[in-house]
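Here come two complexes built around subunit A, the first alongside subunit B, the second alongside subunit C.
Entry: the complex of A and B
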């Protein structure tokens, strides 16, 4: 395989929490040494509970948040070292779709202006040419060209998410970071948006980094899946493999919590005890050990590294293969 | 919030405003005052609109503007003319509703004349027509209000936006600067400056403008903090938008509403301050007739009630109108206060 489209190595990002002039600051490790690859045209799923750092990771890749340490390279270019002009050029090729379709559109801007803004910033099209492209984009995402002259508040959540996708597509990016794109939508609308995204991928060959806490959605979308826990990747596998043979107790418990459509074939649910530990004071050893049903003595002291269990399937658990 | 309004946000605000009676009163009074200020020369003027003299047609007020703009020079017959005397031997003359100028001393008339048909609102200690003074006072008051607020809004929006957008140490430094500015006692500063420099209305505008922007800056800063965290701002940055673009096109339009309210209140405050200064005779040149300076004459001549009542009412009405307008704007801009 050729070099990946996006290559992330050892990425760290911490936020300072509280702390004032004299008070001591606490540090929240949102992203704690993540490695991640996304190949051209594929969809990589990123799952984890809320607060595990998956959104931070997505935004750090686009440099909407600056990382502390680590490498990000996109199409062979060092993202973190990019200057203002280079960064602007990079942003033409990687885009983001947000979770909240209400907050992600400027309420004072007409839909057409919002979708066409990137075309203006990068001097791709102006005037009539821009209007034509905006109309095409609206049709691509299943809306009508005349919607361009309306304001966001005139649309439903699902329609707004389509607008958000059109805005991201306007620059013909090769990667779209989709940050929980359907989490705030009704289930029936979720399916429409997900299928739209899959269709667009087939048409345009765009790669997705698909961030979600919903394992079913990730399964539907992804070729490969990364599971995050407290800022770290704990398991990485091709989608089918991960769902069939999870190799980390955390993944096992997540999978067991997915509601089953047929009650007869229900597996035993693994109930996790306790809450997610505070990322301000992560546990020693394996970050998952306080809640792990399979915990052994070694987990408390020694942090497990990601190891390849099967080809393409890596897990950060001392006990793997499970 | 409704989802029907096609015209967008400002359309909705206007609908909301129209349904508030107090706000509309404020708006009407403000609009009328603006009208009077713009056309003050046509309402109160010692020159006639039209004068037919020795078979010649003259338009002295129009000529006055033309001369001021440098298009014309005064015709010989009108140089240093006393129009009242000219009118006596003129074939025809058409006068403005108030045929006096604010600063014109009516030599034939009496001083401290009570309101009459000749002088609607009476005259002052020099025999100047109070009605004319009131009309030109609108101009002074509104000019001061608007220029002061324009300076305040420019500085307040600029510095507030920088503090709110960049946060961090830039915000830390700017916020301390805001606090420092709040500590400056404006009134005493004006008194001090008035003692050093010759009285000038521009100086007062500059001082009020340069010291009074902190409120607006703090509003803008808080709004920028709030709006900046929304995802559409990140989206604009993700598209490659520059800081200036993100601030001007995305954050500012969503942060401007409270500024408009503050500006409306700011006009009222500036007018009140200027009236107070004129009343005390500080900083405003003697020859300039303002509402406050008319009031000041009444202070030592309490029998001349018209010198106190009319300017007092005018100040009250104007300040109230701007406050009502600001109040109505605040309600209209706040969707949570929708009374309907």
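Entry: the complex of A and C
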């Protein structure tokens, strides 16, 4: 295989929390040594529960948040070393779609201006040419050209997410980081947006880093899936493999907790006791050991490294293969 | 199943605004029995929360206005009850939990105080007895070392723990009915599984009738005995959970079930979609509210409101041209 489109190695990001007049400053390790590749035209799913660092990871890749340590290379270029001008050029090629289509569009900006803003900044098109491109983009995402002159509040949640996608597509990126793109939408509208994303990928060959807490949606969309827990990748596998034969106890329990739309067809659920530990004081050894139903002595002291169990299937569990 | 404990009949709740009067709940009939979980499912704006809130008259009136209907609880019409009579029912015989436990808890009182409040209002237990009961309740909802935890404030608890506290509070007076409005929507899946399990266990132990409102069909499949599907303020279909999932008869139910990921559709295949969006309150005219999005719509659907009418197997469907029973969901 050729070099991946996006290559992330040993990425770390911590945030300082608290720290005041007398209080001691604490460090929250949001992303704690992550390796991740995304190939051209594929969809990589990133799942995990709230606070696992999946959104921080997505933003760090785009340098919306600066990483502390690690390498990010995109289309062969070092993202972290990029200067202002280089970064601007890089951002033409990688874009982001956010969860909340209400909060991510400027309420005072006409939809056409919001979508075309990037075209102006990057001096790709202005005037009539720009208007034409915006009209095309609106049609690409299933809206009408005349919607360009309206304001965000005139649209429903699903339509706003279409606008967000049109905006991300304007510069013809090769990667879109989609951070919970359908989480705030109703089921029937979710399906519309997911279909749109699949169609656009087929047409334009764009790759997605699809971040979501919804395992059903990630399964549907992704070629490969990464599972995060407390800032680390605990498992990585082709989608089919991961859902059929999970190789990390956390993935196992996560999958068993997903309510299946099949009454009476309920499997044995692996009940996890307790909550996710605070990332301010992550447990020693394997971060999952306090909740793990399979825990052994070794897990308490020794942090498991991510290692290959089957070809393409990696797990950070001492006991794998399970 | 036993006799219904809560009956909603012809409920109509409107909102009065400058632009006019809009019915959010437009003639809803429901029955809940002891020891059963009835799931009310629907998308945003279908009126499910407004309906739930009107059972305990928790909506601000105005702008809300209950225009018609009856809500019968043990023979008493709650819509005709005086404020004092309502107060005797709220949090005592019928309790409610909400989606966001943080905003439902008071940040400046410890949780022991808040759970004990309902006991103070509805019982004549002494302070000591109340404290013991609170400890017992925290233990019941699975909170470790309850004797210490009752001094905690809401911000010291995780989302799952707060929802457990809300449930403890709701159960403090041993109610007959628990109304749960999206109780796990704000929680992670592993915590959601714990809370749903807890509600199920308590339902069986206390023979509660549970009215659970959700948009998540996975949750419905796991916990419901019966399901009512709401669309644009009306019940469009109600049936046993297995019947609904095996053979939805209303085109909306059918479309909703087919648009889910994780069904029969292959990975990375296009999903079934329902075209368009839910009609705005102001756009709802006579006839079937779903007709503009419906592939089975007839000319009749534009003129005549479909009544909720019985089909085979105790199922009720409000449709002039229902999906054939044999269609199933896999097709």
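Observations on the model:
The rule is short, and it goes like this: the second predicted complex is superposed on the first by the 318 of 322 C-alpha atoms of A that agree within 3 Å, B and C clash if a C-alpha of one lies under 4 Å from a C-alpha of the other, contacts with A are read in each partner's own complex, and residues count from 1 in each chain.
To be clear about the criterion, a residue touches a chain if its C-beta (ideal position, glycine included) is under 8 Å from a C-beta of that chain, and two chains touch if they have at least 3 such contacts.
Worth saying up front: this structure is predicted, and the values here are computed from it rather than measured.
The superposition on subunit A brings subunit B alongside subunit C with room for both.
For the combined model, the angle formed at the CA centre of subunit A by lines to the CA centres of subunit B and subunit C equals 80 degrees after rounding to the nearest 10.
In the superposition on chain A, contact is made by A:198 with subunit C only, not with subunit B.
In the superposition on chain A, A:117 makes contact with subunit B only, while subunit C stays out of contact range. By the touch criterion defined above, A:272 reaches subunit C but does not reach subunit B.
Counting the residues of subunit A that each partner touches, subunit B and subunit C differ, and the larger count belongs to C.
Contacts of A:42 after superposition: neither subunit B nor subunit C is touched. When the shared chain is aligned, no partner comes close enough to touch A:68: not subunit B, not subunit C.
Once you line the two complexes up on chain A, you'll see the smallest CA to CA distance from subunit B to subunit C is 7 Å. According to the touch criterion, subunit A has no shared surface contacted by subunit B in one complex and subunit C in the other.
Partner subunit B is touched in their complex by these residues of subunit A: 59, 62, 64, 87-89, 91-92, 95-96, 98-100, 103-109, 114, 117-118, 121-122, 150-151, 153-154, 164, 167, 171. Taken in their complex, subunit A has these residues touching subunit C: 43, 49-50, 156, 158-159, 186-192, 194-195, 198-199, 213, 215-217, 219-221, 223, 239-240, 253-254, 256-264, 266, 269, 271-272, 275-276.
Chain contact summary for the complex, subunit C toward subunit A: residues 43-44, 158, 160-161, 188-194, 196-197, 215-222, 224, 241-242, 245, 255-257, 259-263, 265, 267-268, 270-274, 277-278.
Within the complex formed with subunit A, the subunit B residues making contact are 1, 3, 6, 8-9, 230-232, 234-241, 245, 249-250, 253-254.
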